[in-house]
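Next up, some structures in structure tokens.
Heads up, the next two complexes both have chain A, just with different partners, chain B and then chain C.
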Partner chain A sequence: MTAAHFLLRLQSIRVCYDHLEALKGVSLHLEAGEIVALVGANGAGKTTTLAAICGLLPLRGGEIQFQGRSLAGLRPDQIVQLGITQVPEGRMIFAEMPVVDNLRLGAYLRLRAGQRRAVAEDLERMLDLFPILRERKHVLAGNLSGGEQQMLALGRALMARPRLLILDEPTIGLAPRLASQILHTVAELREQGTTILLVEQNVLASLQIADRGYVLETGRVVLQGLSEELLRNRDVQRAYLGKDYEEV
Partner chain B sequence: MEWSALVQYVLTGITQGAIYALLAVGFNLVYSATGIINFAQGEFVMLGGMLAVTCYSFLHLPLWLSAILPIGVVMLVGAGIHQLAIRPLRHAHLVTLIMATVGLSVALRGLAKVLWGADSYPLPAFSNVDPVALAGASVDPQSLWVMGVAAVTGTALTLFFRYSLTGRAMTACAARPLAACLAGIRVERMNMWAFALAGGVGAIAGAVLAPIALPSFDVGTSLALKGFCAAILGGIGNNAGALLGGLLVGLLESLGAGYISSGYKDAIAFLVLLIVLVLRPQGLLNVTMRRDES
Partner chain C sequence: MSAIWNPQYETMPREELTQLQLERLQSTLHRVYRYVSYYHRVMDEARLQPEELQALDHLRRLPFTTKESLRESYPYAMFALPLREVVRLHFSTGATGAPTVVGYTHNDLRHWTDLVARNLAACGLTKEDVVQILFGYGRFTGGFGFHYGAEALGAAVIPVSSEDVPRQVQIMQDFRTTAIIGTPSYALHLGRMMEKMGLDPHALSLRVGLFGSEPWSEKTRQEIERRLLLTAYDSYGLSEIGGPGVSAECECRCGLHIAEDHFYVEVVDPASGEPLPDGEEGELVFTTLPKEAFPLVRYRTGDLASLTREPCACGRTLARMSRIVRRTDDLLVIRGVAVYPDTVEEVLRQFTEVGRGFQLVVCREEELDTLEVLVEIGNLHDLTLKAVESLRENLTHQLSTTLGLELTVRMVEPHSLHTPLGRVPRVKDERTL
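Let's turn to the complex of A and B:
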């Protein structure tokens, strides 16, 4: 398969914070329509990888391509414009604004481009997708529960109509039932044609909905493969699925 | 105690207070967006007044145009300050940025002195009518202009931030810069708008104040300090607080001058600031805490 077939391609990217090299040559790719999981322990570099993709951090080396085109030198808003949207770690909803305003701001660039009608339609669709948000449409987002806030953050990102949706730990801090509801919604989004890069602490749950996965360790990809292969892998089982030697 | 004197002091206090409230709103605009206390805010007011006078007396433009034109010019000055001085320092410590605004304030004052000298210049009142009598006191029509313009400006800004796309985007940037950035909002652009709006609000205050207090190159300093007191008093970043703080400082100052001594007029605002800072130091500490969490 040639490079042009990849929706997103990271080629040995390196990222530094002052003197700390957080990413030491990370390569990964996504094909259109895939769900790819990026897993790893706290501090492995997952959030840093996502920040680099979205143009928030400069690369010290390597290259990121989206639809065969380099993202080098593009501003974050230009990257959003190309079709990459991220739901950041910790949701980061606009707490002092009502739910609808949060959703509308997700479509900021489309509203700027004058697509008011299409955005209004998508807003309705989003409120259908998350009925709980319709009920609480005019409530200040800060007053929503954790699960509702996560749905709002997801809805806000979808309002940009992304080709590639990036999720940074969307289920963290949620009750198991809510967490699986979120992941179920993510799986449904893929059915509708959105490509998804999913970062999760919950390795088992994320690999269950993902097609493929990458395991990141201290700034390097140490394992990659189809989800079922990774789930069977001894190291993965020991390190991330909490199975000890005997069970393996 | 004479009733009419009290009414007169209160009217003067409200008029001054409305100006301080506009200054406080200017501080809030920049603070909410960037966490910076912009010490050049007083110079925006000075420029508004001086430019209005220049348009009217030297360029012989009509009075209404002379009052409005400076708004656009000082908005450009605000935006320019952001692009040329603040943005290049965006990775610097917040204290560095605040010091930069102190430097800019001195520079603008110096520039004004070069351009206009040390003289004060008059501007005619907006409405050429006699003072209105009220409860034994006389209301200067320009005072009504000051109050009205402050009210309209405050309302317009509130509507802008609540209902316009740019206003909502600016609010989003101030609260959650990272999330706003990921939604495709250009945070630096919005910060530039915050500086531009602060310049505009300053110019509005300067033009409407000019017929009451003749502008000269150095009026910005004490106005900025009073406006800063008002902003801190009301809770920095909060525009309803700016109105409250402005009126409080204006009234205390005017009543203090009337009943105690006009020599203490300025001291009173600073005394209030001291008391507030002693009782609520978190108001100032917020300045440094805000950046760290973003």
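Let's turn to the complex of A and C:
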């Protein structure tokens, strides 16, 4: 009879860009070990929500708690130290550096803390998880294909051993086969115990691997629930799964 | 102790439950503001946008939803989805007045089933049980609600509904029914008829009864348990917010656990509408949380109860409500004096010559309220006319002393005021106010 413990809690958070209120009281949570999908159209506030969690945007109201502790007043790097790592949209890898060095950089804070051996073990683990990266570990990251770069970005984020991994559009610009490979890997990460907050343009695919989801519209959560329930919801089917009135 | 059907939600720590409720409440408010014209208007009138509700207790800034607003919205103006997306319709029984209608989506039905299964598991039922359902299966929620919950539990379900007593008992015998689910008054009727017909409850395998849909007393519970040789549990629900599954007793039988992950509960002063602290009796007000087709915000139930959030020995963290013994409709104010029919019933029960049924008739004569109490005689043959008159005088004295009110008592024939099925209108208010 164990009760779940919320890893991350957002309570009625508000974020403004100048006078434009981008988030109008968003509340959501993640339990340890879950994949939660954040779904919504462009401009709904998905990326803003992620940026607020990472401390990149100030809150106008509400509170964010991670492991029961408020993130108010923390700098982005302090939030990373607590165990929140984001893989931003567009990957942001270091093109001029080889693959292995990109991966090592992900463990920068841990290397500084003297965890050299653990980092070396994790590097091996990443190369096991992404065999393509092992093949190409000495290639400059800029020479990788789009899909390989995305795997590198994921691997680099995992090198920080995050408690919470935030993924913003991990499959954007990828061919369908590669996209499903990435999402398959995301699902595998959860099996290994990583908690994941996922923003993904492919709503169907993201809800298929997520446990729960939140639907954002113009800065508000208008629906939330188990993924299977959202997939069955006809508003979701029409708005995000491309189904017509006739079909649903 | 019996198994907990859905431990994730039933044993969720309070702080996390509050977070979950807030999330669900906010998305419900956004949806009703957008899709239900009634709530759109109500929120605009209160000058309140859904996003301004940033904490659970901000909800009290919104007005109540009443049975009246539901009636006015008949048939489906309060639905948050078009009818084509609704897969089931039920009607509320409502003791009085026009019907109200409630819709369910697939997700709503799944949730409902899960809630009822939790209640059945909480009173110790498992897939090994044979459950006989005595509720009607018509447009009301009782039959279908419990039916699907019991099926989800994996029990064998016998949808007997209403049958005469011998047939009912025959089925219990033939299939070794272990649990019955229905109204307490029907269970009582069943027990009494069995005695009359010489049917022995020891020949049955009953061990659990789950009863609800009308207020009943501890005394009734004891009589049902004694007559049918089972443990009787109380369950609570109302069609307007979904049907059975809102709350039910666990094996501790110290209050009914409310499914707070699905319903946000408040207790308010029935007169002022102000929220009351835990422990004080007031009117139950519910806001549905994940409902899709028919969400309701601050629905006034008319049912009186108190709440406790103290931990329960069963391990569930969900708040408990006291048993419903009376409703706000039962509260009569006569010449400024508050009269509950229960109080009258308690007095009548002290007299063995009196039957089960009674009725309070309130009239207004020349601006003055009068109360007449109609009381059934228990058994006509045992009483002389003189004895009836002396009983009447005795009752008049006892009742007016207890209630602090002048009144008249009229004795009526046995069984003229109560039927074994359905509710007994205990109050007839003929005042034109």
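Keep this in mind: the second predicted complex is superposed on the first by the 244 of 248 C-alpha atoms of A that agree within 3 Å, B and C clash if a C-alpha of one lies under 4 Å from a C-alpha of the other, contacts with A are read in each partner's own complex, and residues count from 1 in each chain.
Basically, contacts are C-beta pairs under 8 Å (C-beta built on N, C-alpha and C of every residue); 3 or more make two chains touch, one makes a residue touch a chain.
Remember, predicted model here, so these are calculated numbers, not experimental data.
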{"item": "Fit or clash - chain C, chain B, common chain A", "value": "fit"}
{"item": "C-alpha centroid angle, chain C to chain B via chain A, nearest 10°", "value": "150"}
{"item": "Touched partner set for A:Pro76, first chain B, second chain C, both or neither", "value": "first"}
{"item": "Touched partner set for A:Gln237, first chain B, second chain C, both or neither", "value": "neither"}
{"item": "Which superposed partner A:Asp101 touches (first chain B, second chain C, both, neither)", "value": "first"}
{"item": "Touching partner for A:Gln86 - first (chain B), second (chain C), both, neither", "value": "first"}
{"item": "Chain B versus chain C as contact partner of A:Thr47, first or second or both or neither", "value": "neither"}
{"item": "Touching partner for A:Phe6 - first (chain B), second (chain C), both, neither", "value": "second"}
{"item": "First (chain B), second (chain C), both or neither touched by A:Arg112", "value": "first"}
{"item": "Minimum C-alpha separation between chain B and chain C after superposing on chain A, in Å", "value": "27"}
{"item": "Intersection of the chain A residues that touch chain B with those that touch chain C", "value": "none"}
{"item": "Parts of chain B lying in touch with chain A, wherever the complex brings them together", "value": "165, 168-169, 171-172, 175-176, 178-186"}
{"item": "Interfacial residue positions of chain A with respect to chain B in the complex", "value": "54, 56, 75-77, 80-81, 85-86, 88, 92-97, 101, 104-106, 108-109, 111-112, 156-157, 160"}
{"item": "Complex contacts: residues of chain C adjacent to chain A", "value": "4, 7-8, 11-13, 16, 19-20, 22-24, 26-27, 30-31, 34, 50-55, 81, 85, 105-107, 110, 290, 292, 315, 317"}
{"item": "Residues of chain A that touch chain C when the two form their complex", "value": "1-6, 9, 11-12, 24-25, 27-29, 61-62, 214, 217, 219-225, 229, 232-234"}
